[in-house]
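A, B and C are the chain letters, set down in written order, and residue numbers restart from 1 in every chain.
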Amino acid sequence: MTVAPAERPAAASVSRRVAIWLDRRPRVRLALLLAAPVGWLVVMYLGALGVLFLNSVWLRDEFTGLVSRTLSLDNFIEIATTPIYRTVLLRTVGMAAAVTLTCAVLAFPIAYFMARVASPRVRGLLVVAVLMPLWASYLVKAYSWRLILSEDGLLNWLLAPIGLRGPGQTEIGLWLVFTYLWLPYMILPLFAGLERIPSSVLEASSDLGARGGTTFRRVVFPLVIPALAAGSIFTFSLTLGDYVAPSLITTTQFIGNLIYLNFGAPNLPLAAALSVVPLLVMLGYLALARRLGAFEAL
Amino acid sequence: MSGRGARWGLIAATVGTLVFIYFPLAVVIAYAFNSSGSTSWPPAGFSLRWVDAALANTGLRDAFVTSVAIAFGASAVALVLGSLAAVAVARYRFFGRQAISFVVVFPIALPGIVTGMALSTTFATTGLPLGLLAIVIGHATFCVVLVYNNVVARMRRVSRSLEEASSDLGADTWQTFRRVTFPTVRSAMLAGALLAFALSFDEVIVTIFTAGGVQTLPIWIFRSFRLANQVALVNVAGLAAILLSVVPVYFASRLTSDTGAVARG
Amino acid sequence: MRIHRAMMLIAASALALSACATSGTPKPSFNLPTAIGAGEGALSVLAWPGYAENGGTDPTVNWVKPFEDSTGCKTTVQVFGTSDEAFGLYTTNPGKYDVVSASGDASLRLVRAGYVQPINVDLVKSYADVFADLKDKPYNTVDGVHYGVPHGRGANLLMWRTDKVTPDLTTWSDMFDPSKSWFTDKKISVYDAPIYIADGAVVLMKTKPDLKITNPYALDDTQFQAVVDLMKQQKPGIGQYWTDYAKQQQAFEAGDALVGTTWQVITNLLQAEDPPIPVKAIQPPDGATGWSDTWMINSKTPHLNCAYKWLDYIVSPEVNAQVASWFGEAPGNSKACALSAADQANCDAFYAADVNYWKSVWYWQTPETTCVDGRTDTKCKGFDDWVKAWTEIKG
């Protein structure tokens, strides 16, 4: 207690001097703010991606299974010349596109209701209601669908009285599961996008004689394209890289399963080269989404 | 979109979507209290046997604790990094500002398997052992954006003039931060950190590649599919996982009225 | 721009790093220990689920605790799901696991990569009692050097739902026959790993003798192509690939699968359900693939004495019997059968001492380009080719 008062002003004055010095130097302040986050992302993320690239141009010693650090494009040549890899890649991209499209269609009514129809109170509740399951254990949801889709599972049980059967544990079942898993990722940005449209724009359209459908097509839809693009980044990317849900639900291989198989084989270089493929696909998709204004809506 | 018909159509669609979103979770809960170990529908009856078995399972308990610890670590790192980047982007104009918002989103916009492979190969190449550290690094990296988005959104709404006034009144950098900036973004930071916690707690795609043998709760669940006498426990573990990711998200959305920012995660 | 440069910098330093590291495999020149000393106080175990139970699964099933109590070696257990996963854990973390229970399709890879060390089997008291037909196998002994202690074995069996499939099946060919109802209904369940290709080879050994396959893990180009074609022909009938018990158990329970390759333990679990699922599993006279597991010691272990103590403990008759009946397999120790009536029953159920039963079982083994059947005039397909072919078979 006797020391503290003597120390405090000294400490305070040091910190004050630093503060005054900093006040005059916004560039230094900025540098201090950015050092940690930028350093982290560059080293831990971009750096790791760099090492991934590096591994993809290395080879594997077949005898020992160890990585041999010889530069070579063999892995990429292998991927490009083996038809099965192309088939699987196309199937994966197709699935990602189908899931994205379905999510967009399913998300529209609820997002529109939340943004333009519901009272503020209901809107708040709905946002929480859509948000919460988004974070509830992905694995458990996928597993739950495996049970639901199985031969004597819930879906067939529900459909039996009306003489129908569910899709079972097939690609169609998986498409349903993916749509389920990523739907909230589409609803929320779309809701935000719809909410941002000023009411006056819609009124103007209606005043000018446009009917509901026309207003939707010519006014609402163009205005929410950035939000749709933003949501689609998630639905597309999450489907593209998933290997757990496919192996839980179906017998079909997706690009993630091939990466996982070769990671475990283990053929790290080939797995690395295979991961570069969805990376490139996604970079292309991001470029496209950016042109549609997705990053302003993110 | 006017007229009663359209309105009722929208309400029906909304209710339908919510049912679609929630019924698989209900199925998990139903099975968690199933009195039989079988997976056929409907469950045979109500019992707490799997809950009891889950509570007695030390492997499951350890995995749960590990997941909580990792989620704390990852959200703490994300909290610091995301907040710093957010303040920089919201309050300064500088070359590369756009690039930062881009790079922050990157880890979550790219497929998880790419992030997982990148970290895994990096650790293998540098000879560092995979494990807790690798998991926390991986999780923190894609969680930064959650804190960042929340804080940036908050700072954009809070006028700069408050900080300028503080500084005009003679407050230095620290004082302005402590008394003005921090109180306004505090709840946004916490909301972001809660979301980061929930995301980390639940993550499995990146974790499988970086775990190197560490068992998180999702990995325990994943592995339990391979253990004959543990499958029924998966539903109970799932119930725990649902609760522990839903509760932080609920509080996060209470903390921030700007729900859109949460959605942007 | 700045980010760009930083990335190049990182790539450059990673390259520099890689240049420093040595590549290739050091062949261990090894002095075998001659006695087991005092324990180092710690041991890290990598095992198939069910092989090193510490009460985590079922509080009453615990043979790690008695080991810790008697040796003072604090033991941590990590389980793996497939041989590939086990090997992967070694590549990403070579120093972490002191001992590992490796199946034949992982053990040889571990030896080749230098991850495991030669063993002085004289230090393992029970080694003498291990069934003779488990010793000196190519997957546990290389050039006369022992790399581990055999632990237990099992055959991959042919299982079917007796209420939906009649008459009883007698041959693996039933799983490859497009005219069968379970084939057209996609109700076949098979193991999901490249090593399953060997099952196709076993079928062809019987049905296409002119291919002259003498070992399902030693396939030259022609033989391999024939096997792959057979597997592709089976693909339309497959409703499920399984690596986890749960998946197959549920599938048979729910009727998603009616015929499949399985492990005895899964059959037992299905029959033990309430009400029991009507299934039957046999080892068809065509022979079968199977697994034989070996406990091995990490070449870099800092806990060598604890590792030896573990090997000595885990294959001792009492513990070996416990593990075998918990996991559902034939114990490796011949003395594990006579301990009690229950142990004898387990041994009988798994044909532990039936030499003839095991004669037709081809234990999993890593395929290598040097043919493992001893042929020197041709090259065989190595594991990389098996992985690639597996990808193509699954489509």
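Convention: a contact is a pair of C-beta atoms (placed from the backbone, for glycine too) under 8 Å apart; a residue touches a chain by one contact, two chains touch by 3 or more.
Predicted, not measured: the structure shown is a model, and the values here were computed from it.
Taken together, chain A and chain C share the touching chains B. Two chain pairs, A-B and B-C, are weighed by contacting C-beta pairs, with A-B ahead.
With each centre defined as the average position of its C-alpha atoms, the distance from chain B to chain C rounds to 37 Å. Put simply, the C-alpha centre of chain A and that of chain B have 13 angstrom between them.
Shared interface positions of chain B, defined as residues touching 2 or more other chains, are 39-40, 103, 120, 124-126, 225, 234.
In chain C, the residues that reach two or more other chains under the touch definition are 3, 14, 18, 21, 91, 250, 254. Of all residues in chain A, those that touch two or more other chains are 42, 46-47, 51, 54, 67, 147, 150, 152-153, 263, 268. Only residues 42-43, 46-47, 50-51, 53-54, 60-69, 82, 84-85, 87-88, 146-147, 150-153, 168-169, 247, 251-253, 258, 261-268 of chain A touch chain C when the two sit together in their complex.
Partner chain B is touched in their complex by these residues of chain C: 2-3, 14, 17-18, 21, 46, 49-50, 54-59, 78-79, 81, 89, 91-93, 95-97, 243-247, 249-250, 253-254, 265-266, 269, 273-274. Within the complex, the chain B residues that touch chain A are 1-3, 6-7, 9-11, 13-14, 17-18, 20-22, 24-25, 27-28, 31, 39-42, 77, 80-82, 84-85, 87-88, 92, 94, 100-107, 109-115, 117-122, 124-126, 137, 140-141, 144, 149, 167, 172-175, 195, 198-199, 202-205, 208-209, 218, 221-222, 225, 234-235, 237-238, 241-242, 245-246, 248-250, 253, 259-260, 262-264. Taken together, the chain A residues at the contact with chain B in this complex read 15-16, 19-20, 22-23, 26, 29-30, 33-34, 36-38, 40-42, 44-49, 51-52, 54-55, 67, 106, 109-110, 112-114, 116-117, 124, 126-141, 143-145, 147-148, 150, 152-154, 157, 180, 183-184, 187-189, 191-192, 195, 206, 212, 215-216, 230, 233-234, 237-238, 240-244, 248, 256, 259-260, 263, 268, 271-272, 275, 278-279, 282, 286, 295, 298. The touching residues of chain C, when paired with chain A in their complex, are 3, 6-7, 10-11, 14-15, 18-19, 21, 23-25, 82, 84-85, 87-88, 91, 109, 112-114, 192, 194, 238-241, 250-251, 254-256, 368-369, 382-384, 387-388, 390-392, 394-395.
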